[in-house]
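Below, chain A partners chain B and then partners chain C, in two separate complexes.
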Partner chain A sequence: MMAAADDPLFEYLLRLGDNDLILGHRLSEWCGHGPVLEEDIAISNIALDLIGQASLWLDLAAEVECGGRSSDELAYKRDVLDWRNTILAEQPNGDFAVTMTRQFLFDCHHHALLTALLESANTDVAAVAEKALKEVTYHRRHSGEWLIRLGDGTEESHGRAQTALDNLWVFTHELFEADGVDQAVVAAGTGVDPAHLKAAWDAMVNPVLAEATLQRPADGWSIRGGRQGVHSEHLGYILAEMQFLPRAYPDAVW
Partner chain B sequence: MTEDWPLWEVFVRGRQGLSHKHVGSLHAPDAEMAVQNARDVYTRRREGESIWVVRSSDIVASDPNDKGSLFDPADAKVYRHPTFYIVPDEVEGL
Partner chain C sequence: MNDPVQAISKTDARALSVRAMLNAVVDPEIPVLTIAEMGVLRDVAVETLGLGEGGGASERVTVTITPTYSGCPAMAVIEMDIRDVLLQAGFGEVRVETVLAPAWTTDWLADTGREKLRALGIAPPVGVAAGKGVLFGLDPQVSCPRCTSANTHMLSRFGSTACKALYRCAACQEPFDYFKCI
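Let's look at the complex of A and B:
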């Protein structure tokens, strides 16, 4: 593939891959700590799906960059300011309601995004999107069914789900904001305009919130910046754990 | 939590399988989650094309104490096995 190091597609692919890798890592923290064995396996499966998708996106990014960095180097040798995931993806797991609410908000966006990327002019991007969409269709089903059960469950579970929704809502606006990188990949036909995903996201989120008897929070103050490298304090701790081994033992193999 | 959730028996039909086979059991709050849990627990390695779940309490089982009267009489009925026929060479798949 012919491309330059400053190709906006590189930056765009990092955003796609980083979201998957950071949320996948977050979910992997549940492994062995799930509320029940069945859910422990379900969450670990989703974590592995996301980490697998991250490796596909970062492989593509490495190819586009033509800079000699492999996907492993992109994953393990970038520091906080070079990460391009949304701030939603790096938020702590909290209780099970927080994890499932974060997952559902993310999954609906992920589903809309991958569906749109099926039309990418870049056939590699479209192919990864097609593979990932099957997995994400299940992720959304799983998190949505859980959110319905938590919201429409007991007083305790409803309260926790509503609190999680209220607290996480401020991170959702970032998912739909376009910057120069987005505009460039839209112009090239390889990426999608985040703002165009909002209608599809609303159409997935609203019915589930209604069935879950959860109140959709009002749009007010919001926070953004992850896609440009401005992160919450949580990302540094994730990277410290995730990157420790390859940084402490460079070129370690197993 | 699982003590509050009913037990479900899981049946999976493999890719070449003609019928669903019992593969195990799990806990789930309801049927939809039982199917999802079955998918996650029992088909991670592409074991299946189709899943059935059924509440364990809905299964009617024979009494182990009846084993003798139910099954032993078949022991003496070798003529029920199709082993006394000469199978023509042309017949495949038997």
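Let's look at the complex of A and C:
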């Protein structure tokens, strides 16, 4: 192991970058398959923003690690157990209601997280957060407006949106759970306590669900572990596709 | 010749001339705008490194740029174009550095840039970016860049590039890009 990999900030930066990269890759699967051209372009734009943000976070992670791994190596040469994204981010696209519901739940958390990170004692972290927050503000409006349209739309779209919400809710608890890494970066002033983001998230999610005439699912059984490297079966398939080229042709340049 | 004050002022003049050279570098996705007009060009610094091979002073130029959007694919092209222009101008060493803070904002678009956008059929950003962030705030009233009608509708918040949204004019029926405020 590299010496500086023990730095909790490295783990924390991986969590930030991995969320963006995995969801960005997921969204890119819609490219060419959107329900209408405008939406195809919108989803691809959001994917591009997230992949750009992932590259900024993983650049920082590579710097903190000081281990000679570049951000590309972090993206393309880690296997499933070394990924630190939340399980929500890796869930399959499903139908359009699933994609937009997943996006809205993620965007509200992302917005609260980046807003809190503006106060990070690490100026590089605060700079990336400031950059990303502008983009995520657009993402959240987009997914929120879609959720309202789907939930308050036809019987069919309402049913699909409610089913998506019910199925994805079990993955949201993980977004607000702190572990040793979080505690260490909070103590250092560089990161934020996930539990403190819950109130801001509720304040964004609840009004939209109400306007969408969707029922907020009860909190109960939940699935967690992504941030510690315990993933659903879906992540491996994403990595297989995303990492194929650099693994099959190491050091390929183009 | 060794007067440091003179050396500094000479370097500043040199930096100004580099800025003039960089007017040849445009945004590849909106080629009417220079990187200075976009607000992407943040700083230019020139240092003298000593005598070069031909006996003249060899100089190192450092150009600092900032991305518009995190994933903007134009940045790689812009960096390459900066290098091309300055290496051809004879600089011994060209460095291009990227900074993230302060984050790029459409408030940095030059007035000349706004007019060029309009002439190209792209509506320039309306209002200032500061103070935005309401969950479902109203979208700005954007005038059609072709017929100037204010009777326009947003079709999609995301357009042909990361920095644009898609609108349509209800008066002349033409769709157009809006350079969105961030």
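Everything below uses one rule, namely that the second predicted complex is superposed on the first by the 251 of 254 C-alpha atoms of A that agree within 3 Å, B and C clash if a C-alpha of one lies under 4 Å from a C-alpha of the other, contacts with A are read in each partner's own complex, and residues count from 1 in each chain.
Methods note: contacts are C-beta pairs under 8 Å (C-beta built on N, C-alpha and C of every residue); 3 or more make two chains touch, one makes a residue touch a chain.
What you see is a predicted model; the values in this text were computed from it and never measured.
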item	value
Chain B versus chain C as contact partner of A:Ala132, first or second or both or neither	second
First, second, both or neither for A:Asn45, with chain B first and chain C second	both
Partner chain(s) touched by A:Met204 [first = chain B, second = chain C, both, neither]	second
Touched partner set for A:Arg149, first chain B, second chain C, both or neither	first
First (chain B), second (chain C), both or neither touched by A:Arg160	neither
Of chain C and chain B, partner touching more chain A residues	C
Partner chain in contact with A:Pro35 - chain B first, chain C second, else both or neither	first
Chain B versus chain C as contact partner of A:His109, first or second or both or neither	neither
Chain A residues contacted in one complex by chain B, in the other by chain C	38-39, 41-42, 45, 138, 141-142, 145
Complex contact set, residues of chain C against chain A	67, 69-73, 100-105, 129, 132-133, 135-136, 155-160, 162, 166, 180, 182
Complex contacts: residues of chain B adjacent to chain A	1-2, 5, 26-29, 32-33, 36-37, 39-41, 44
In the complex, chain A residues that touch chain B	35-39, 41-42, 45, 138, 141-142, 145, 149
Chain A residues within the chain C interface of the complex	38-39, 41-42, 45-46, 48-53, 55-56, 123-124, 126-128, 130-132, 134-135, 137-138, 140-142, 144-145, 204, 207-208
